[in-house]
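Order as written gives the chain letters A, B, C, D, E and F; numbering starts at 1 within each chain.
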Amino acid sequence: MCVGLSAKVVKISDGTAVVDAGGAKREVSAQLLGDLEPGDYVMVHAGVAIAKITDDDEEETDQLMEELL
Amino acid sequence: MCVGLSAKVVKISDGTAVVDAGGAKREVSAQLLGDLEPGDYVMVHAGVAIAKITDDDEEETDQLMEELL
Amino acid sequence: MEEKKKTAREIIEGYQGPPVRIMEVCGTHTHEIFRLGIRKLLPPQVELISGPGCPVCVTPVGFIDEAVYLALEKKATICTFGDLVRVPGTKKSLADARAEGAKIRIVYSPADAEKYAAEHPEEQVVFLSVGFETTTPAGCLSVKKAKEDGISNYSLLVANKTMPQAYQALKGSADVFLYPGHVNAITGTKLCEQLAEDGVSGVVAGFTAKELLTALAVALVRFQEGKPFFVNCYPRVVKEEGSPEAQKLMEELMEPCDSEWRGLGVIPGSGLVLKKEWENFDARKKYAVPPIQGKPNPACRCGDVLQGKCKPSDCKVFGKVCTPQHPVGACMVSNEGACSAYFMYGN
Amino acid sequence: MEEKKKTAREIIEGYQGPPVRIMEVCGTHTHEIFRLGIRKLLPPQVELISGPGCPVCVTPVGFIDEAVYLALEKKATICTFGDLVRVPGTKKSLADARAEGAKIRIVYSPADAEKYAAEHPEEQVVFLSVGFETTTPAGCLSVKKAKEDGISNYSLLVANKTMPQAYQALKGSADVFLYPGHVNAITGTKLCEQLAEDGVSGVVAGFTAKELLTALAVALVRFQEGKPFFVNCYPRVVKEEGSPEAQKLMEELMEPCDSEWRGLGVIPGSGLVLKKEWENFDARKKYAVPPIQGKPNPACRCGDVLQGKCKPSDCKVFGKVCTPQHPVGACMVSNEGACSAYFMYGN
Amino acid sequence: MDNKTVTMAHGAGGRQTSELIDEVFKAHFANPDLTADDAAVLVPPTGKMAVSTDGFIVSPAFFPGGNIGKLSICGTVNDLACMGAKPMYLTCAFVIEEGFPMEKLEEIASAMEKTAKEAGVRIVSGDTKVAGKGQVDGVFITTTGMGEIQDGVQVGGELAKPGDAIIVTGDVGRHGCTILLAREDFGIDADVTSDCAPLWGTVKEVMDATHDIHVIRDATRGGVGTVLYEIAGQSNVGIRLDAAAVPVAPGVKGVCGMLGLEPLYLACEGRMVIMAPKSEAEKIVEVLHKCPYSKDAAIIGEVTADQPGKVVMTTEIGTQALLPQPGGELLPRIC
Amino acid sequence: MDNKTVTMAHGAGGRQTSELIDEVFKAHFANPDLTADDAAVLVPPTGKMAVSTDGFIVSPAFFPGGNIGKLSICGTVNDLACMGAKPMYLTCAFVIEEGFPMEKLEEIASAMEKTAKEAGVRIVSGDTKVAGKGQVDGVFITTTGMGEIQDGVQVGGELAKPGDAIIVTGDVGRHGCTILLAREDFGIDADVTSDCAPLWGTVKEVMDATHDIHVIRDATRGGVGTVLYEIAGQSNVGIRLDAAAVPVAPGVKGVCGMLGLEPLYLACEGRMVIMAPKSEAEKIVEVLHKCPYSKDAAIIGEVTADQPGKVVMTTEIGTQALLPQPGGELLPRIC
């Protein structure tokens, strides 16, 4: 469920953000996230930015593995 | 104005008649003519039988010419 | 006795009497006369004038504009006789409106328009009611049927006209009227007799080749006699009293109004309008159609043509800018229009 | 210290612990695991079960029937995610309805459906609101916007569901839950911790290859330790508290109701419905949709598949009668459905 | 084929497209030259090749006397025949509306098979597109035909000569009249069926009898009247028509009377206009009378040097009047 | 042409039809072989003739990178090229919706002229039908092409051999992605233009370098993925694809991510899949890199004897997974 897309915020104006996912841009709702700024990364689902994220899955998984072992 | 078509009545049922004009049949209003019977000729215009007629223009014109001269 | 052998055609071709102007009032007569090449039989002193008896030709531009308005702005389904589809309005014809998405249906009878409305309650159906006494009863019957059926999505945009006032207006334009047989089938011939008494001659003519030639021959022979006359040359269809049923029907639903004739201007009392009791079926009231003043193309001389004041070929744009494919005026678009007939049959 | 060099993939491939059943709750996980060929890395004692986390798969047949009813009987314009278009209803899918003339629009976001409604006031627009906590906020935002805009031709046909009750219902089906990262992004992880305390283990997983492999490796290592556990392996997206804004929004517009899950039956309190104050936007109320009892195809074992009770290939019609082109059950039509994944990727 | 209607999936180029092609089209069109590849590989004609294409959008797709499938074969075969070319190969491209009944499509394919066989032409390649509901009205078919021009034959619209007789191969306007009645709600009932027919066999018989022919043209859209004006223009000749000699079926005459239409401007789909020296005319008509689709062939007029570009009718009262030039859309009229 | 839109009269077969043909089509397509008669009279190819037909119904008719006119030439020219045939002649049949802007039609005809010229093909015959408002969506074009199969060339979907390299001539899915963005209201903005291009020149260059080629196919509807499954089936071979090697433009990748689509299943209109012995592959790619429409050509996989009928991808983590079989309609998904 819930195809999510990590995308970069390129523009912000009240309640909406324009995000860029690998060259595809579209306007999404930013109403669930208070403090977005251009350059931030967000997780987008069905036209809504649902979470502010880091774009770095590499470092995160590396750290998890380190903790695990 | 008023393309008219002389046609033969082939069927009568309350207020409407089916007429035949050289093989083309259609239902027309017979409301303006009281006493139609199958076999009668009518002048049809815009889907209404407007006059009961004779189908014989030959005889009529011959007679007119005879009277004239 | 030898004269008895002369055919109608011989009388026409051999006419040697005084110059005479004969006006075919009826557009179908115009069309048939051209189609049969009858004009080619006429000696020079016989002039045939194509009068205002084509409902399309005399319908003012504003009527088309109203229909286009209903089709495009009110999204009404327009039901119409095919004749009106290509008539230019001020900006658009119905064909143009259709190309923009308007729903324009061609019907053979107003009864079919009413039936369509009954079968499509989700659409607003307007029938374009044009024509003279012959056609008006068909529109009236459709409205009565709609009332009986309890149909509320059907109405008429009325531009029906009546002939008597037009004859008065055209009195001076011709020596003899070739009366429109199918109008007389409804109205009868009393008015024609009255006009003869007032000094205006005429014959009622039928529509076959023989009927037309006969009526013309009668007109020429009687014209030479020098006295105003009236002859019903179409008695198999036209009775003195006309159709009392049709007259009653029109009286029940319609009442006279002043009416604009393209080219002739407003002729008082020459139009028809639905009576107050029937106003639910009056598209102008139902959809609050705003007053629309149509602007005919100023180059067009349809009006003069209809009054016999000029020939189509006297119009500057005839055959060049104005052709049946790109008509400027109504007389070019209607198959019955004098301009169209001149163009199509090369006069 | 040498263990430190083992990669997630090596841990998975080399797993020698006790048999373990891991349920990917999330359909996108199912899909990605197949796409990446991860199942092929698993030793025999690791079983992956595809759980009920595809909203299309768990949406009952009757919901499609309701949507088809609105489209064909009420002439509503249906806006929907593409996923639902081919799902078979009792008699027709939305694609079938479209072929009969229904207006079915595929949208990326409910916001687009609301916008379409605003731009087409003459149409009645219904958005098919399916999905879990991740998707529900988008539908809620569209309704709030419609209210602000004063739009009265927009509504939702709601079949949104919530996960917590489902976890309870599925407790016995798996040893470890691979939690759906994007649901947790909204709901947070408290429930997962609670479940671990109740003895139900789980990890939250992301969606990239590395994230999935890491989460599986974590699950296997911790499972061998023998104690119930919970690990958030997707902290860059998932926070303990989730999204308070989204939670508030859902509470403002929606309230829980009992809900039918295809195959699992009715799970009390597992569905959502618009609150009374928002009922103008509830398509069922607005169009008085009659109660529709959908009839799933009796051959379909989707329900058992979703609970891990059987594999798609155990279903008699799998791959023969039931294919992605002619799906019998929802698990075959959705790209996320276990049956579809088995068929497409040849398990 | 278990689907009862055509769906978007049938047009997506994948497995269902192949299924549709195999089960409907290949089943009917099968022949050694038919391909499902990008292009058919064919032995070209020796001598000159005639190529013609036509799109068919007739609505309704089924009408008394035929359907759009039969029509799409006849139309192109006849265009080739009019160049004196024996039809060899045909391609057909379908555009089908989502929701179109599969059974109707079968019926169309079956009519195509039958007509192609009769005309001796092979369907060699096709294409199928599915358009969304409302993007196309039912089904459209475009056919393209390739034929071999027969030795020693030279016909063309610019080759009419004064003195030529004008022959029409049968009664006029039946197809147009049939479609008008089938399409519009005029409530008129008449015993009229389309004249739609493949005419290569007819042309061949005529050419076997004489090669001294100047013009052959099939009177389709626009009818015989439009063809006559076209040829008058292309050959810069006049055309004199005897109104009374033009064969018109009674039903067609009746319908035209009711709707104020001229039969000469109604479409035919199985009628040709032939112009040939008067000396050949009787012989040609004799041959035509023996062919199945031209039993009512008649000489209807002659080519003249005067009035170039015009078509003049001898009317019922013996006068001469122009045939009105082809207008635009046919509009039934009441006044 | 003073009319600003196409009207029913333009389709009635009379004077206005001729005007439309003269002023729009003839003005652009003029060449010695073009006819307004029933059929064009042509010199047939020597050797074998390739014939292909395709209907084009793309909506919208204008899109970044081209329009339906350009597309209708490219599609058929490319089908011929894929058979190793030099395009010679083309017919085109138009179905136009009443009310279609004349100016747009001009633009379409102009694009056809330009593309036909580039492809070296002559438009020899056409047809124009006007459909009532709502009976067709704007304009449909069906083209049929005839070409001359080049000596010594034999390619076909059934000729792939284990060991062949699989080459794609450029990045995939641009046309499908462009149309999707232009048609549906997804509100997505991406810098993607159609790859629509005529490829005969490209094929010729490749064939001049080597005749040792087994398969050439243009990946249109259904995309590269569908073509690969087709060939795997026709040749009864397996296909192994290196997912990472498939060129995909960043914008296309982004859009596919957003809508849950697989670029391999998006249509191309200027991309070919070529299969040839590995020994030839580098040479072919080298030639392709010099051609204007194949600068991004790449070897994306190989033909195998195992897994016949299947397309297997080597994934980003090195595992093997089936490429899902072509489904029906492309449906963007959210879950």
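The rule we apply is simple: contacts are C-beta pairs under 8 Å (C-beta built on N, C-alpha and C of every residue); 3 or more make two chains touch, one makes a residue touch a chain.
Note that the structure is predicted; figures quoted are calculated from it, not measured.
Asks: Using the contact definition given at the top, which chains are in touch with both chain A and chain F?
Replies: Expected: D.
Asks: Would you kindly count the fewest steps from chain A to chain E, each step being a jump to a chain that touches the current one?
Replies: 2
Asks: Based on mean C-alpha positions, I'd like to know which chain lies farthest from chain D.
Replies: Result for max centroid distance from chain D is chain B.
Asks: Taking each chain's centre as the mean of its C-alpha atoms, which one ends up farthest from the centre of chain F?
Replies: Between chain F and every other chain, the largest centroid distance is to B.
Asks: Looking only at C-beta pairs that count as contacts, which pair of chains has more of them, D-F or B-C?
Replies: By number of C-beta pairs in contact, B-C is the larger.
Asks: Using mean C-alpha positions as chain centres, tell me how far chain C is from chain F in Å, no decimals.
Replies: 57
Asks: Approximately how many whole Å separate the CA-defined centres of chain B and chain E?
Replies: About 37 Å separates the centre of chain B from that of chain E.
Asks: Cα centroid separation between chain A and chain D, in whole Å?
Replies: Once rounded, the distance between the two centres reads 21 Å.
Asks: If you look at chain E, which of its residues touch at least two other chains?
Replies: 7-9, 15-16, 132, 134, 186-188, 258, 260, 325, 327-329, 333-335
Asks: For chain A, what residues touch not just one other chain but two or more?
Replies: 1-3, 26, 45-47
Asks: Send over the residues of chain C in touch with two or more other chains.
Replies: Residues 27-28, 54-55, 81, 95, 108-109, 112, 131, 135, 325, 336 of chain C touch two or more partner chains.
Asks: According to the definition of touch, which chains form touching pairs?
Replies: A-D, A-F, B-C, B-E, C-E, C-F, D-E, D-F, E-F
Asks: Using the touch definition from the top, list the residues of chain F that touch chain D in their complex.
Replies: 184-188, 258-260, 310, 315-317, 319-322, 324-325, 327-329, 331-335
Asks: Quick check: in the complex, which residue numbers of chain F touch chain E?
Replies: 7-17, 37-57, 59, 78-80, 82-83, 85, 89, 91-95, 124-129, 131-132, 134-137, 140, 142, 144-147, 149, 156-157, 217-218, 220-222, 226, 267, 325-330
Asks: Which residues of chain A touch chain F in their complex?
Replies: 1-3, 5, 20-27, 45-47
Asks: Spell out the residues on chain B that touch chain C in their complex, using ranges where they run on.
Replies: 1-4, 26, 28-29, 31-34, 43, 45-48, 50-51, 53-54, 56-58, 60-61, 64-66, 68-69
Asks: Chain B touches which residues of chain E in the complex?
Replies: So the residues of chain E in touch with chain B come to 186-191, 249-251, 253-255, 257-258, 260, 333-335.
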